[in-house]
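Paired with chain B in one complex and with chain C in the other, chain A is shared by the two complexes that follow.
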Partner chain A sequence: MDTNKVILGIYNDPDHIYDATKKLIHDGYRVRDVYSPFAIHGMDRVLGIKRSNLTVAAFIFAMLGICLALTLQTYTSYFDWPINIGGKPFLHIPTYIPITFELSILCTAFGMVGCFFAVNRMAWGKNADIIDIRVTDDLFVVAIDIIPNKTDIAELSSLLKNNGAIEIREREFED
Partner chain B sequence: MSYESPIRDLLVTGGKTYSDITREVTRPIENKPSKAWWIGFGLSSIVLAIWIFATTYTMLVGIGAWGLNKTVGWAFDITNFVFWVGIGHAGTLISAVLLLFRQKWRMSINRSAEAMTIFAVLCAASFIISHMGRPWVAYWPIPLPNAFGSLWVNFNSPLVWDVFAISTYFSVSLVFWYVGLIPDIATVRDRATSKARKFWYGFFAMGWNGSTKVWHRYEVISLILAAISTPLVLSVHSIVSMDFATSLVPGWHTTIFPPYFVAGAIFSGFGMVLTLLVVAREVLDYKDYITTEHLDAMSRIVMLTGTLVGLAYITEFFVAAYSGVEYEQYAFINRATGPYWWSYWIMMSCNLLAPQVFWSRWARTTPWFLFVMSIIVNIGMWFERFVIIVTSLHRDFLPSSWTMYAPTIVEFSILLGSFGLFFFFFFLFMKFLPSINMAELKSVVKTKHAIELEKHYTELLNNNHKMPIQTQEMKGDSVHGH
Partner chain C sequence: MSHDTHIEIKEEKYIVTDGNKKWSYGLMIAGIILTVIGYFTYHPSVEGMNLSAEDLHHLVSKRFWANLLVDSYFTFIIATCAIIFVVISKLSNASWYVAIRRIPEAMSTYMVIGAGLLLAVIVINFYVLHGGIYHWAHPGVMETDPLLMKKTWYLSKPFLLIRLVLFTAFWIYCAAKIRKNSQNEDLIGGIENFEKNFRISATFLVVFGFTFSMMAWDLMMSIDAHWYSTIFTIYNFATGWVSALTVIYLIVWYLRGNGYLKIATDEHQHDLGKFMFAFSVFWTYMWVAQFLLIWYANIPEEVVYYRERMFGSYSFNFYINIVLNFIVPFFLFMMRDAKRNRTMGFIVGGAILVGHWNDCLLMVMPGAMDLPTTISEHNPMGSIDIPNQGIGFMEIGMITFFAGLFLTVVMKALTKANLYPTRHPYIYESALHDVGV
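Right after this comes the complex of A and B.
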């Protein structure tokens, strides 16, 4: 990114910010992100966010869980130390189903949530880069990149205002 | 005059705005606890002390401290275990199954129901550990190489399946709960005034900033977590039922057990959710969030699952009669008319008959009555497990070993104490975490813009009608649960 300055348009209504963002993107502004206290329905599509690959990660982890469970059970009860319990077969796949199922769920949940934290760069104790402290309460913020010598700040501000912004600020990002 | 009624009643009443929700849900966290909280917390701490004492005593003395004998080897311990695991089923059911069915009324209650799940499964696990007799080798059911003392575990055994099922259920529920909490923990972090609160809520909020990219991924994983938790809920209690169903004991050896146990688990879980929420909405003043409509919806589920459970009781009887197996028939006749007849009829009346009052709307929406009913459901479901376990065991194939079982004071203390353990954690949860999912609830509160639009369309519609449609007055920023 060749810019680290942004204009913040602050809204108190999710419908207003939805319309404003749509308009901004239509007019060719570079919208960095929209911050909200809850997921605004359809906002991800407006911003052109591609469907997350976390579903694929979930599937891979589920398969991993199944392989792990089947390997564990066949190895221990057939290869390593078969125990004769009431003459039951050593390799008895149907009785492996419950544990295989449980372990696949366990791996999916932990693997997928782990990936979720990793792609979002979330970790315990990490300091949040909060764009506005009220964004986790009741306000909605759209951040637009300022491209030097190109972005007309006055025009942008009036566009934001006209769409119901209650506050407009400038802010610099550290990166 | 025609009358257009809303399809559903409001999910949140009182015309709440987004900041109202934030302020009211974080109120217990940011203020000193109320007197009611201290009384509740103090009482549960005392009862928890009883649990600690009775459990320690059992561990020092051994299982001989209980009333078990050679014929009845499982009684209070496993009854309490199944009872608590069953209660632990409503939380994930509310969050996962109701999410998949898009039941928006779940949003006010899912957080506390999930917390309930986690604490109930903890209580259940404590009974598994203490009934082992030698709790210091409690790691033996984990598959460890033979050098660690035990042989590899027997993967054909439902008891081993149970270890995997319960621990998976506990950890996945915990993850589901925590992921749902992150945006709300961030809300508390951003409102925090004290240093300690800033640090701890900041620590657990993991740097949440409310970006749309993060929200997008968050919704994806919530949906997948719900999708994998749904079969998980069903599998866990099915596996618990297989602890009994795969044995050859008459009264246990029944193929109906898995669905019957799952229905019972949902029934008892919702019973416990009702007990907690009827009280919590009064104490925390959350009547606008947990409305009588929520109570109504939960009571309907209680009635449905109670009737399902009742159907299972009757089916068991029928199958025993129809099978022509003498032992099976005796086990069921002994249940209803034998020495433990009273426990059987407590079960029948609490679980099958009592919930039928929920055909009446008054019963479904009157909080004090619901509280009484929820206690009846809890008692009934405890007795269901007692009936299944003790009456099936106490008269086995050999009449010379027929005997009776009576619990000792130690067993009673552990049962009572487990409620202390449960409520101790629940009170801490109510004090330190947002007990309503704020982020989800805000997304269903109708915005001013949407209300204006709706008014506009209603006017348009009225202008096109000769007879005007009278709509119900909109109350500020309230919601319809379409």
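Right after this comes the complex of A and C.
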């Protein structure tokens, strides 16, 4: 990103913002992101968002959980301290299944949450930089990068307005 | 959300082609021929056992009836769970399934034939064969067996028949009603039928929950009358449910591949695939839950069920069951692209269907292929275990016949109504269904 200034088009209808975003991208504007209180179907395709790799991470964490659980159980109940419970064999995979299942889920859940926080640069104590506070309630915001000497702000504003924006304003990011 | 996607809702009916007829009738005829060959060429392989000629004759008949029970039960629960899919989606107010709801509705018409066949199997076994594959139904068994005496009030032939008829009749009535209302909607529109179906679905699901349990006890669990498992019914439901989802999934692929049902997209296919994946895991959960508790508790009465299947001649069927119903769907169907791929869909779908058929076979065969004997100190169960007779012409032929029959009925039902509800309130929403990237 070679710019930290954006124009915000604020909408009160998900259909309007969907059409507007489509038009903006078609006209060659650089849309930074669309902010919305709920998921707008098809918006991810319009914005060209790639599929998240979170699922791959989930699979790896699940495998990690399975390995951990099997190692723990085999070590404790077979190598380190075998206890005879009702004459059952010490090393028996069916008995290990519930704990393996639970630990794989635990690892997947924690791992995915951790990945999600890392990818989104979220941490305790960090203040959220909400693009417009009303987006957490009932409005929809599209943010378009202003590229110096290239973006015609007046033309862009009229384009947004013609597509149903109820408000247009500029805003700067601090980073 | 009405974006720029253009959706055309048009009346569309399935037309049964000559090729379809050739296939479905061909399967039925081939099935009958194979079954007949299997029946007359079957010589029970029971080396080392001292069995009379009459006993061997009984085994031929038992194998035939056990197979008929397996296949009619399997296809019947598929048809029943198909309508339960509509009911559950309806009650959860889902919209995505509307584009494909005519397929489970069409599958539910098989319930009439399925219930009739099941009833025929039970009646003939009880009253013509004097018990047949049901050990407890043999004359004198309930009166002398100390373990079964306590179950006399529940396991009585007339009581079982009466409840079976009542339950299946009620299910068929509800399914027919739901289908009728859904078709009326195409003619008159409005939300009157939508609301009617909601009420029927709610009643149906509550009744189904209890009555399906009893049906599974009566038809399947009572074959091993000494054995019991409280999770058995939900395990049976999982079998039927995942098989029904698989059949719906495959029929949607077939119809889309032949130019029908343009309204259903890869998105619908993906969601059905997710269901198949999820409920394969659910089935495995139930399987493990049943197995593990019995393994741990180690009560002879319960363990005998698994002993016969795990270590005896059924061990191949026992282990392949887990491979086909859990490992194959879990690893092959985990990827997003696999659920949207026709070839992969047919591979995994085929594995699931074969696997669950094998599952039903495994529930019935070991218990049904026993020969009754007098209770003694050495034989407290009062039966002689016959080793696994394998999967032969009779098994293959019978399931081939049932596949042909099922397809014939479903195709005929599909021609009767539009392939998707044209005036359902949610049809546009369903057509625009999108699971995201």
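Here is the rule we go by: the second predicted complex is superposed on the first by the 175 of 175 C-alpha atoms of A that agree within 3 Å, B and C clash if a C-alpha of one lies under 4 Å from a C-alpha of the other, contacts with A are read in each partner's own complex, and residues count from 1 in each chain.
Note that a contact is a pair of C-beta atoms (placed from the backbone, for glycine too) under 8 Å apart; a residue touches a chain by one contact, two chains touch by 3 or more.
For clarity, every value in this text was computed on a predicted model and none was experimentally measured.
With the C-alpha superposition on chain A as described, chain C and chain B clash in the combined arrangement. In the superposition on chain A, A:42 makes contact with chain C only, not with chain B. Within the superposed three-chain model, A:81 lies in touch with chain B and out of touch with chain C [touch as defined at top]. Of the two partner chains placed by superposition, chain B and chain C are both touched by A:15.
Note on chain A: of its two partners chain C and chain B, the one contacting more of its residues is B.
By the touch criterion defined above, A:98 reaches both chain B and chain C. Touch criterion met: A:33 reaches chain B, while chain C stays clear of it. Chain B runs into chain C after superposition on chain A, and of the options 146-154, 272-280 or 344-352 the stretch responsible is 146-154. On chain A, the surface patch touched by chain B in one complex and by chain C in the other comprises residues 14-15, 39-41, 44, 49, 51, 55, 88, 95, 98. Those residues of chain B that touch chain A in the shared complex are 17-19, 22, 143, 146, 151-156, 158, 160-161, 164-165, 168, 171-172, 175-176, 179, 182-183, 186-187, 189-191, 202-221, 224-225, 228-229, 231-232, 235, 239, 242, 438-440, 442-443, 447-450.
By the touch criterion stated above, chain A contacts chain C in their complex at residues 14-15, 18-19, 22, 39-42, 44-45, 49-51, 55, 59, 86, 88, 94-95, 97-98. Contact residues on chain A toward chain B in their complex (touch as defined above): 13-16, 33-41, 43-44, 47, 49, 51-52, 54-55, 58, 62, 72-73, 76-77, 80-81, 83, 85, 88, 92, 95-96, 98-99, 101-103, 105-106, 108-110, 112-113, 116-117, 119-131, 133-138. Per the touch definition, chain C reaches chain A in the complex via residues 1-4, 288, 291-292, 295-296, 298, 334, 336, 432, 434, 436-437.
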